[in-house]
Structure formats: structure tokens, C-alpha cells
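In the two assemblies presented below, chain A is common to both, partnered first by chain B and then by chain C.
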Partner chain A sequence: MSYPQPSSNAAVLGGSDFFRLNTRLVSPGDIYESEQGSHAFAIGPDSDIANVNVFYYDPASPASMNTFQISPDRSFVGTVNSRVTENYQTPSPIPGRVLFAPADLYNPFYRPTALGYSNVNDSISFITPILDVVQYFTPLPSIVPQRIDKTYEIERVEARGNAGNGVGWIVVPAWGRKSGTFLFKNCYTVDLDVTLYGVKLGISANQSVAPSLAFISTTVENTLMALTTQIPGDTTLYTYRMSVSGQYDYFLMRYEAASILGTGFGATTHIILSDDAL
Partner chain B sequence: MPPAANLRAAANASFLNCSNQFAVGALKTALADFVTQGIVDFPDAVANNRPVGNWFVPIQSLSTSMNASLAFTLSQLDEAANLVFRICMAGDAMQTAGLITAPQAAALLAAYNANIV
Partner chain C sequence: MAMKLPPNIAKIANELSAKNKEQARSIDNPTGSTAATRSLPTNKRLQADAYDYFTVPGDTQLFYSAEEWVQISIILRTVGPVAIGNRGTLTPVQSGKGTVLVTNEPLTMKLEKGTRLYVASDAVSRLSVIIIPIPATSEVGLERETLNQLMELNANIKALAARGAR
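So, the complex of A and B:
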């Protein structure tokens, strides 16, 4: 999390009728706070995170905490007070501030080991997700929190990894996206192999955990566009539809140009992701 | 399960360890004891403690809402594992960022190993 985080107090003192928490995530454990109550909460336009948990003081709930979730399809309209003079019922006092945290799972330590990722030879780059949440300080009848269509222009793909004999991987946020296009172009003078996966993250260090009586939470990688070999100058378009292919946490792209020697950039990808279903 | 060696390993094993507590009907107590032991090292008066300390609120709430019996639900297991995963990842990231000290991170890990594992 960016720290110190932006303060909603400054927005109120400045006379604004909303506070916008617009920040890049650092960790899956990022949690943010507001000392201001509000009349509505919504996902902001730039958010890569689709689902956000809001925790707030409610003396009638367990440990005096209640919660709701907001998403691009569901804002929350209603007065939520930040009760900084009261404490949540924790063993040591924590004032009743409003807390926000992503409900979607983000893990910058994810590596596609089940797909053959090599810690030594391969390179992996993440588009760092943005958390954008808006707190409104004036009553509103309703909110339609439409996120913008996100465009990613990826020009620097290292298709030979770190060591010049590996594979390049790019990870793009997919939370809540319902449609999109991926346009791959091979700018090398040799063939380029491109594969696209959808990734649903689980909470486990390793996918190849021995079968156990305990439940495990496993990361799942699903091939969306099978390995496609592009000749030099070739372009390939893949259209993503949630209704056909499912919904994911990440889009994962694999690039390999086996017949070039050494490092070098030669693969470009243009991505547009939308919340509108096709 | 063996104790976690560091907070990131603890986070990644949170689902497995919470499911073990779930299986023997001890998840409610495990979460409550984790909060009781862990929260003392993150007093709210110090602002830098809050990115970790704030996570004790939903964990305490979840524990309080559970029945003291085997009748936990799968969704409660999911929520517990998710919250424990996030507080451990927060501790790891805040230590890296220099917001919490190494002894605080170690205390959080000790609370995890004593109660969640």
C-alpha cells in the first residue's frame, strides 16, 4: 500500500463531497482506513480490483463490526458512520474507523510453475493493480459505478527470459472483466510462440501439494488461446468472452522465441478489457 | 503441519492450516487466540501498526460470529483462510517497507505458529 495512505479527512476539510482512494496495491494484505463516515461507497473508474470489502463499526454485530462488499455491479448507498470515539470489540482497542480491503486475491509472488515457469531462466512482469474506491459525503439516490475499459500497450516483452534462453511471461489484472481483445504481433525476424491463460488464484505456495485429507486452495490455470506460432510480422487476435471462457483473477501471457539468441524485445501486445459482456 | 518459517510461508499455508483447525472443530478458538496473542504487538496508537493491526478487526469478528461447535461452514473456512493470508502478507510487506520492526513481524509469526498451525 502507498503509505501514509491518502486521508479522507483532507477531502472533508477541503470541502470536497467525495473522497477517492486511488492507489496501486503493494501486497495482498493491503488494508486502508477512513475516519470519515459517508452516504455511499462505489468502485472508482480506474480500479483493477473489482470487489472490495468495507468493514465498519456496528455495535449490533459480532465484535461490533459489520461488512459489505461493493463491485462494479453493486455500489452501496446508505449512511455509514465512522465511529472513532468507539472501539471495535478486539482484545486491544481499535477505534471504529471504516476499513477497506480488496476482496479479490492479488499475489505478486505468483509464479506459473505448473506451466513450466523457470525461476532461473524465465522473466515475469505484473501490471500492478490499482484500487480505486469512492466515498461520497452527500446523499445520493443511486450510483452506477461503471469502470473504464482498460487499455494495456505492452511493448517490451522479453521472449527469451532473463538468461536469453528462457520464456517471457506477462500478468494482467482480470478481476470482474467480462470481455476483451488481445492483439499479438510478432516483430521479431523469427517465429514467436504465444499462449494466453486465465488464472484463478488459490491460497497455496505450490500447486503440486500431495493429496491430503485437508482442503487445499489451489491456483488454476486455464488455456484460453492455445499455443500459436506467429511467423515474423504476423498478428493474432483473441477475443475474450466471460460467458464462453469463464472469469479470472489474471490473464497470463507466455511468449517464447526459441530460435533467437540472447535477449531482445520483439513481441508487442495490445489489450482492451471491459466490464460489458459480449 | 510444521511451523511456518516466515510470514510469506505462513500466508501460503493459511488455507491448509485453517482447514486442519476446521476439521477438528477448533477454528473459532484458533482465530480468537491468534488475535489475543498477536494484537498486543500492534497498538493502534502507533499509526505504522495499522496496516497490520486493522486486520485483527475482521478476524475477531469472524471468530465471534462462529458457533463454538463443529458447525462451522465452508464459507467461514474460506473467510478465515483469506483473512489470515492477508494479515500475514501485510506483515511481510510492512516489514519490507520498514513500517513494522523485525520483532513485530516475528511476534506475528509466533502468534500464527502457536495458534493457526
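So, the complex of A and C:
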């Protein structure tokens, strides 16, 4: 999340007919605000988060707060006012601004311990998810909030982990993606083992701890592409289809090489993710 | 190649252009900084005005005070909500004490001299404002007199041109 938050008022003063909240997520509890109302809400083109909750002032609702959800398949067209001079009827009154919060679960502290992740030896890297929401200031008949096909070029993989005898992991946002291709190439001079998982996060039923990230637990880690040993120069293509493999929150890639690799460059991965079902 | 006017016609044309405000402006550079434009007789009280106004959320504020009869058009360019009315207290914005503007739909009113408009909003909003003065009858008469003089000059030019052609 960028500080200060992008200001919707600045968009109005600048003469824009829309406000775009385009920011990186920091925690699953991130809530963003807008002091501007809107004639339509939609997921922005760059968003990794697929489902976003929108909260707004509605005196007819409990706590004067009403909500709806938007996604790449469902925008919201209708006038929603931001009521900064009114307060939500919450225990600690807050102004009736429009609020945004990701509806998808995000856990930056996720570790694939069930898959043998070692806190000591392994390395794990995250593609930080982007939250992109657009507010339109002029009336629109309808919106098709198509997200772009996200492309990731991963050129550096710590296939021996932190300590030189571990495993490298990379986590890529997968929320709402319905198809994609993963192209793995081994440019090392030694064999490289590659595995691809789909990870679905869930809310923990553990009530014995205070509300925290402990409530977000991993419920599913499905193997999408079984361990594949690539000889030097080898290329492996995996095609992801939601209808075949299910839908996930993360794609998790595991890289392991049998010997010390030096700088870590050499294993490349090219990923394209799309909202179009194949 | 520009046509050279006979001296007498050029003189009349200059007189005509000096009387015609728009033509005088077009002769000078568009910055309006030439002596001819500066000396142009204008009635600032009758000048139209257009500007953008940004509301400040919170209490009711004075929006416009009509020093003359005017026609005012207000267009909400964003979402609002913004209320406009004659009362000094319009809040809560959607209470009905003022009329709530609709995005991109102009609200046009004729304001009597001395009328005050107030605004209240719940969000920073952009309003486009166009003010067109409504001249008094005596001022309309003056304009007619000027028009008559211009028509007379125009007839003179035509007559001279016809004489020159012979």
C-alpha cells in the first residue's frame, strides 16, 4: 500500500472522470477509502485481486453500512454517494466514505510447510498482489471490467534456497484466473526439478488465538504439474485450465537442483494468466 | 493577393470595424492587449462568465450573489451529492432544503438582482458555472442604437462600392 493513499479528491480536482485505486497489498486486512461517490465501480485492468468488497453509507442498513462485491465478471453500475459529513453507526464512528477491501484471502506469511518447506534452508518469493479498482464519476450504461492477461517473467530462481542446500519457492497471484501457461526452462548446467502447485487459502476454525493471520490457514495445496526433472536446456510447458484443475488463490512453484549453482541465474519461468476460460 | 480598397472605402471600413466589437477583437491579436482592444467600450456588468467551482464538504456556503439580473447554469461534473438553493442552511444535503444536482444535467435559473444561491455538498465536487447577464431594457435600447448605426454604415459602403465599380 502506498502512503499516502491515492486521493480520489485529487482526481476530481484534476478534472478526471474516474478515480483509480491502484496499489500493492500489504496485508489481508488492508482497507482503502475514497471520499468520492461513484456512478459505477469496476475491477481495474491490472488487478491481481479478483473480488473486492465495497462498503458505503446507507442509513437504511444496519450500522448505516451496506456492501456489495465486484469482480472481473461483475461490475456495479449505480450511483453510490460518499457521505463524509455523516458517520457510520459503528462503535467508533467513522465518516461515511466509500471503503474498499479485498474479498480474496491474502497471506504474505504463507509458507508451504506441508510440502516440506524449511524455514532455515529454503527461500520463498512472492509476487506482491495489486489491488486495482476504478470509480467512474460519470454515468455509464454498463461496464465490462476485463482484466489484462498478466505476464510474469521470472529470471532468477534460488534453486538451492538460502543456505545452498535447500529449495526455492515462488508464489504467484492466481485469484480469479481461469487459464494460463507456465513455461519452465532450465538454463543451468545441472538437472533442475520443477513442480507446480495450486494453493487455496481458507479461514481457520482455530478460535483459541486472537484474530490475526493465524485465522488464514492453508486448506488445499494441489499438485498441478508433478515433479518434472529438466536436463540442462530442457523446456517444459504446462497449460492451466480452471475447468480441469480448479481455481486457486496462489500458484506455487518449487525449484530444486542437485548441486550448487552459484549465482542463481539460469532457471527461467514465463507465465501468462488469463480470465478467459479455455 | 489582397485586394486594395479605395481610400474612402477603407476609411469607412475602419470606422465600421471600430464600432463592431467582435471585428475589432479579431483584427488585434487574441491576447487582447492592443490599444484598440483596451479602448474598446465594454460594459463589464453585462459580461458573461464561465468558470469551474469546487465545493467543500460540510456546512452550507454562499455560492453566488447576483448583483444584476442573470441567467445561471450549474452543471455537476462529478458525483456529488451537491445541493443548491436559496436557503442559508441546506444541510443535510439530501434533506430537500435545496435541489440536488444530477451529474451532467444543467440546472438553469434566472436570478433577480440581489438573489443569493447557496451550496452544500458531502464530497469535493466540480461544478461548471455559466453566468449570462440579462440586460435592462435601457441597455437593450443602446445596443439597438449601435446596431442601427452599423446598418447605416454598411449601406454607405455598398453605395460607395457601387459608385467605384461604375
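Here is the rule we use: the second predicted complex is superposed on the first by the 258 of 278 C-alpha atoms of A that agree within 3 Å, B and C clash if a C-alpha of one lies under 4 Å from a C-alpha of the other, contacts with A are read in each partner's own complex, and residues count from 1 in each chain.
Simple rule for what comes next: a residue touches a chain if its C-beta (ideal position, glycine included) is under 8 Å from a C-beta of that chain, and two chains touch if they have at least 3 such contacts.
Just so you know, these numbers come straight off a predicted model, no measurement behind them.
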Touching partner for A:S259 - first (chain B), second (chain C), both, neither: neither
Which of chain B and chain C A:A63 touches, first, second, both or neither: first
Chain B versus chain C, judged by how many residues of chain A each one touches: B
Which of chain B and chain C A:V12 touches, first, second, both or neither: second
Partner chain in contact with A:R83 - chain B first, chain C second, else both or neither: second
Touched partner set for A:Q36, first chain B, second chain C, both or neither: second
Common ground on chain A, meaning residues reached by chain C in one complex and by chain B in the other: none
Partner chain B, residues of chain A touching it in the complex: 1, 3-4, 26-31, 33, 53, 55, 61-65, 67, 88-95, 97, 99, 101, 105, 107, 109, 202-206, 209, 212-217
In the complex, chain B residues that touch chain A: 8-9, 11-16, 19-20, 22-23, 35-36, 39-40, 42-44, 47-48, 50-58, 60-65, 77-78, 81-82, 85-94, 97, 99
Interface residues, chain C side, partner chain A - complex: 54, 57-58, 77-81, 91-93, 103-104, 122-126
Residue ranges of chain A touching chain C (in the complex, touch as defined): 9, 12-13, 15, 17, 35-39, 79, 81-86, 96, 137-139
